[in-house]
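Labels A, B and C are assigned to the chains in the order they are written; within every chain, residues are numbered from 1.
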Amino acid sequence: MRVTFTVNGRKQEADDVWEGESLLYVLRERMGLPGSKNACEQGECGSCTVRLDGVPVCSCLVAAGQVEGREVVTVEGLADFAKQRAEKSGCASGACGTSLQEAQQWQSKPADSQTGENTDLSPIQQAFIDAGAVQCGFCTPGLLVAADELLERNDSPSDADIREALSGNLCRCTGYEKILDAVRLAAARGENQTAGQGA
Amino acid sequence: MAGATRTPTNLTQGGKTDAGIGASTLRPDGTLKVTGEFAYSSDMWHEDMLWGFTLRSTTAHAEIVSIDTSEALKTSGVYAVLTYDDLPTDVKNYGLEIQDTPVLAHGKVRHHGEPVALVAADHPETARRAAAKIKIEYRELPVITDEASALAEDAILVHEGRDDHHIGHVPHPNIVHRQPIIRGNADEAAKKADVIVSGEYVFGMQDQAFLGPESGLAVPGEDGGVDLYVATQWLHSDLKQIAPVLGLPEEKVRMTLSGVGGAFGGREDISMQIHACLLALRTNKPVKIVYNRFESFFGHVHRHPAKLWYEHGATKDGKLTHMKCRIVLDGGAYASASPAVVGNASSLSVGPYVVDDVEIEAIALYSNNPPCGAMRGFGAVQACFAYEAQMDKLAKKLGLDPVAFRQLNAMEQGTIMPTGQPVDSPAPVAELLRRIKAMPLPPEQQWLAAGEGADVRALPGGLSNTTHGEGVVRGIGYAVGIKNVGFSEGFDDYSTARVRMEVIGGVPVATVHTAMAEVGQGGITVHAQIARTELGVEQVTIHPADTQVGSAGSTSASRQTYMTGGAVKNTCEAVREKVLERGRVKFGTYHPAWATAELLLEGGKVVTDGGEVLADIADVLEGEAVDLELEFRHRPTEPFDLKTGQGFGHVQYSFAAHRAVVEVDTELGLVKVIELAVAQDVGKALNPLSVVGQIQGGTTQGLGVAVMEEIIVDPKTAKVRNPSFTDYLIPTILDTPTIPVDVLELADPNAPYGLRGLGEAPTLSSTPAVLAAIRNATGLELNKTPVRPEHLTGT
Amino acid sequence: MDFLRPASWEEALAAKAEHPTAVPIAGGTDVMVEINFDHRRPEYLLDLNRIGDLSEWEVGEKTVRLGASVPYTKIMENLRREIPGLALASHTVASPQIRNRGGVGGNLGCASPAGDAHPALLASGCEVEVESAARGVRMIPIDEFYLGVKRNALEPDELIRSVVLPKADGPQQFSKVGTRNAMVIAVCAFGIALHPETRTVRTGIGSAAPTPIRAKEAEEFLAAALDEGGFWESGAPIPPSVAKQFAQLASGACNPIDDVRGSAKYRRHAVGIMARRTLGWTWESYRGNERSAQCA
């Protein structure tokens, strides 16, 4: 079957999709977006988390055909997504909420270079690097999407809030301490920037 | 072969990140990993590629009567179906140490999930449907699942006609390897004991549960060779096992490390590597294989489950008199790393304590259980669980504080190991214990801190809302462990680093090229730091790891910072000498310091040890690069004597201690770990941020096996009952406590920068500390890990 | 495999009538696992995502009509007051990502004894609204819905449209044992609802019998004890002996098996503990309300 939907602000189309394929497979193998990860394919690890019409979901458990006409944001589009959210809401951290309409209007910018160091990152992506929350990195894309959405809803989460929001994302390398640090860091930077703007 | 591909790239770091060793510089691959662009093995992609699929045995032990692939071959979209009969050469087995593992089953399957046939097709679903059409007729055989069935009089031999180098000294062909260690006279020493405690301990089968499943891409080359992109722990070990099966010279099997989604020992053995190459060479098309989570549980070896019998004696003033133990490790159907696991378990079975009179025996069985091999702390983990339980039992019986009792018997520099090997660098066991005990305890009843009612997220049971404080009791436990670093027992353990220094755009740049598997540990971060420290450059490029450079050895045994870090340092030093030589030739006449002073490379310049600048590196090098590839070895070791276990077997030791604070819902048998404090000596922290990350991660894997992780094998059928993330549980962020880390840096004079391999030690003592805390809370004996609610509630 | 995408409820019913073997897929959190792991290859997948009604709920005077696809996240966020038992149960379902997709329709459709919603649904005394193109709407009382292991009272041409739950007239609780503190399948679970208006108590037990069940003897015992002792009026603490007996009867209602998640013996034991604790929590809450009502 043919499936058409919007990924990171761009219309994408896939042909000859087998009806049993997941959104995850279509993203990774048909659309050149392997950032969402295939760690368990049973909804028990969160590595494939994407936003589907703004809602964080396991893309491995969404049938490709169910995405027809809908909006998907993956880790590849997270930096632009956060940036445009921040610009629209006047909120520097981007942690100030996004309406579905805003999410749908959003368009990603062309991808940056491969080597990375001067790439534009969202606050949560930068915080993950700075806090040492990335080791093997396989859980990272899913955690970033989940953590970004947490901060969008709640710009100063308690530790228990962070733990609950990220309890669907397994990490095997870090013991989660640095991941907590990263979310705290992104939240704190968001507050500082907002405070700075207000003053 | 031309065509669009996605494969690994260089990683360049500089500008924002410019610090050398000792600083918490950030990962060179960090940006790619947070943007989703980092190319993991399952992300490999090639235009026109096929998908490989592995058909696995549905039974644990059976003769294969027949295999019929005809229907599968007729399936539209299928390009190849391979069985044992299609293997191209006489080499049909592989293995790390003993080549006992069939590439595809031949005549017999020895464990549940053993590969029997391969399919390549244009879509994974096509491959699966075709595989389902392969008809295999099995004749079931009785299963060997434990020591009794392995050594029974009428036991079937798991491997007939063994001719490996262990068969001569094992008492039965269903024993892979046996290592006794006898020192002093345990029976005689036991007479001095005022108290004797003994126990039988059971350690469950743990899975590495790395998140990136086994996967890779094989691309046939125009020269008849193959390019293989894969996630592994040791490229050159894979290469040595792959090439002979394919009938290719090693230089025609070009391996490149793709992104690795965690390893923890589970990628030391071959998984899909040979299969993908066979299919690619047969079809002359690129072939990608990606296991799903179910298959991953069958696609790699696990941690050896173990039964351990221990007897310790002590005088009434708390001095250990003797220790006897017997450790039975279940290696499953194939040898994998079983011999090394036996070596570690036996030689470290006393723990970090002084005991002069010991009688030790460790064996690994062949059985029809899933194959077991390397996992973080291999061999030492199982022993630590048992000896630390014994320490608590002894302390209790003697009426001594468990920490004070351990400190009283703690080994130190100069202690003689049971193997006769002296501990010749710092061994701050008592100090580590002192530090964790001195850390402040977490506040009581944190679930009430929120004010309004109980916050279930801080209670045992968590979000499941099982208690609001009812039945909850706190407990505290301590443990300490010892792990060897690097490959032991006479293995020629080395690593290779190629370093190129050149001037690009007027700036000196170093390129580090090794075959080290970066599996997440941060080895490449450290390589860039070492290059900056030794060569005075800012910009460092990390070349993708591949087999175009010499072996780096395995990313295991806590060895890579020591070994490949050491190799990078060693090569950088040689490159620096070359640069200085050129400088002397070019500029020596302009300044006497070129001949007389100790010279360094710093900030892109040649400087004297007094800080005087002699030249820009750019001017010394001009257009000419310095490019060297050198090997680095740690000091030699020797095998343990097969009768007495004596020998200078280990390179270095690593020590960590934990204090666990738990809260147990004693009625429901649910556990919440509140805090796991760690103190560890790392010799020298090359990157403190990464050091802490390793310690916290290792600690959490130890927590997992303490309270939830176990592969459950049916003892009647030897079939795995929980091969999924629904039923094999690893800790979530709500199961993992705060993990305060206290890092000691007591230099080991034998090691590069004085560093101590650190990745495994925190996995050892974490588990027994949690168990000790649960025992402390409940008063139960608890001799098995993981602890299940049934054990805590007597149900 | 064919992928059917009805745009309306009527189209969905027609499709199900035409293809009774079609497997409905909404949140996908069960069906997709089975497809990914090659446990199931349905001839037709019937996508219900395009039917907006299924993701909506209506709060009426006496009842809440909950669309089959309302995600658990919405239930726990929006219906905590009206249907607290199910809201609590929703909070224990898998992970945030799964709670964002899954709804009670999936739990009912699969009818796995481990589904987290079942004990709360049983305790609430709800009805399941099912419909077929041929015979129209049928309301199935929850007590008659579960027929066997993964078998329910649906006819092959029927689809689940909603669940109609009585609005809570008293405190409700839900508790579930798993061997992990989040994202875990139930080893066993227990739901309880006090119904002061009818002076009854209803319960639900998950993962401790071939189907989700009620602990009817325990309910009857407790209702009688509360009635006879005048507890509904007095709001006095429930004597430990009554709580203990209630727990034992709940435990006795179980007919569990040994499996990789837990032993039968443990399940019986744990259901008893959860029954006692959740009774305590609900009763404390009821007493609190009583007391504050008296004060006012």
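Throughout what follows, contacts are C-beta pairs under 8 Å (C-beta built on N, C-alpha and C of every residue); 3 or more make two chains touch, one makes a residue touch a chain.
Composition by chain, UniProt nomenclature: A = Oxidoreductase; B, C = Carbon monoxide dehydrogenase.
Here the structure is a predicted model, which is why all the values come from computation and not from measurement.
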- Task: Could you name the chain whose Cα mean is nearest to the mean of all protein Cα atoms here?
- Result: B
- By number of C-beta pairs in contact, which two chains lead? A-B
- Message: Nearest whole angstrom, what separates the Cα centre of chain A from the Cα centre of chain B?
- Response: 30
- Chain-centre distance (mean CA atoms) for chain B and chain C, in whole Å, is 43
- Message: I need the residues of chain C touching at least two other chains; which ones are they?
- Response: 36-37, 181-183
- Message: If I count partner chains per residue in chain B, which residues reach a count of at least 2?
- Response: 292, 457, 463, 724, 726, 732-734
- Item | Multi-partner residues of chain A (each touching 2 or more other chains) | 18, 20, 41-42, 44, 164, 167-169
- Note on the structure: In the complex, chain B touches chain C at residues 128, 292, 294, 457, 460-468, 470-471, 667-670, 672, 707-708, 712, 721-722, 724, 726-727, 729, 731-735, 788-790, 793, 795
- Flag every residue of chain C that touches chain A in the complex, lowest number first. 1-3, 5, 25, 27-29, 31-33, 35-37, 41, 45, 47, 49, 94-98, 100-101, 181-183
- Note on the structure: Listed in rising order, the residues of chain B that touch chain A in the complex are 6, 9-17, 24, 26-27, 29-40, 42-43, 45, 123, 125, 208-213, 259-264, 290, 292-293, 450, 455, 457-458, 463, 519-522, 689-690, 692-693, 696-701, 724-726, 730, 732-734, 736, 738-739
- Would you pull the chain A residues touching chain B in the complex into a rising list? 18, 20, 28-29, 32-42, 44-45, 47, 74-76, 78-79, 111-112, 114-117, 119, 121, 125-126, 128-130, 132, 134-141, 144, 160, 162-164, 166-180
- Message: Quick check: in the complex, which residue numbers of chain C touch chain B?
- Response: 36-38, 88, 91-92, 173-187, 260-263, 265-266, 268-270, 273-274, 277, 280-281
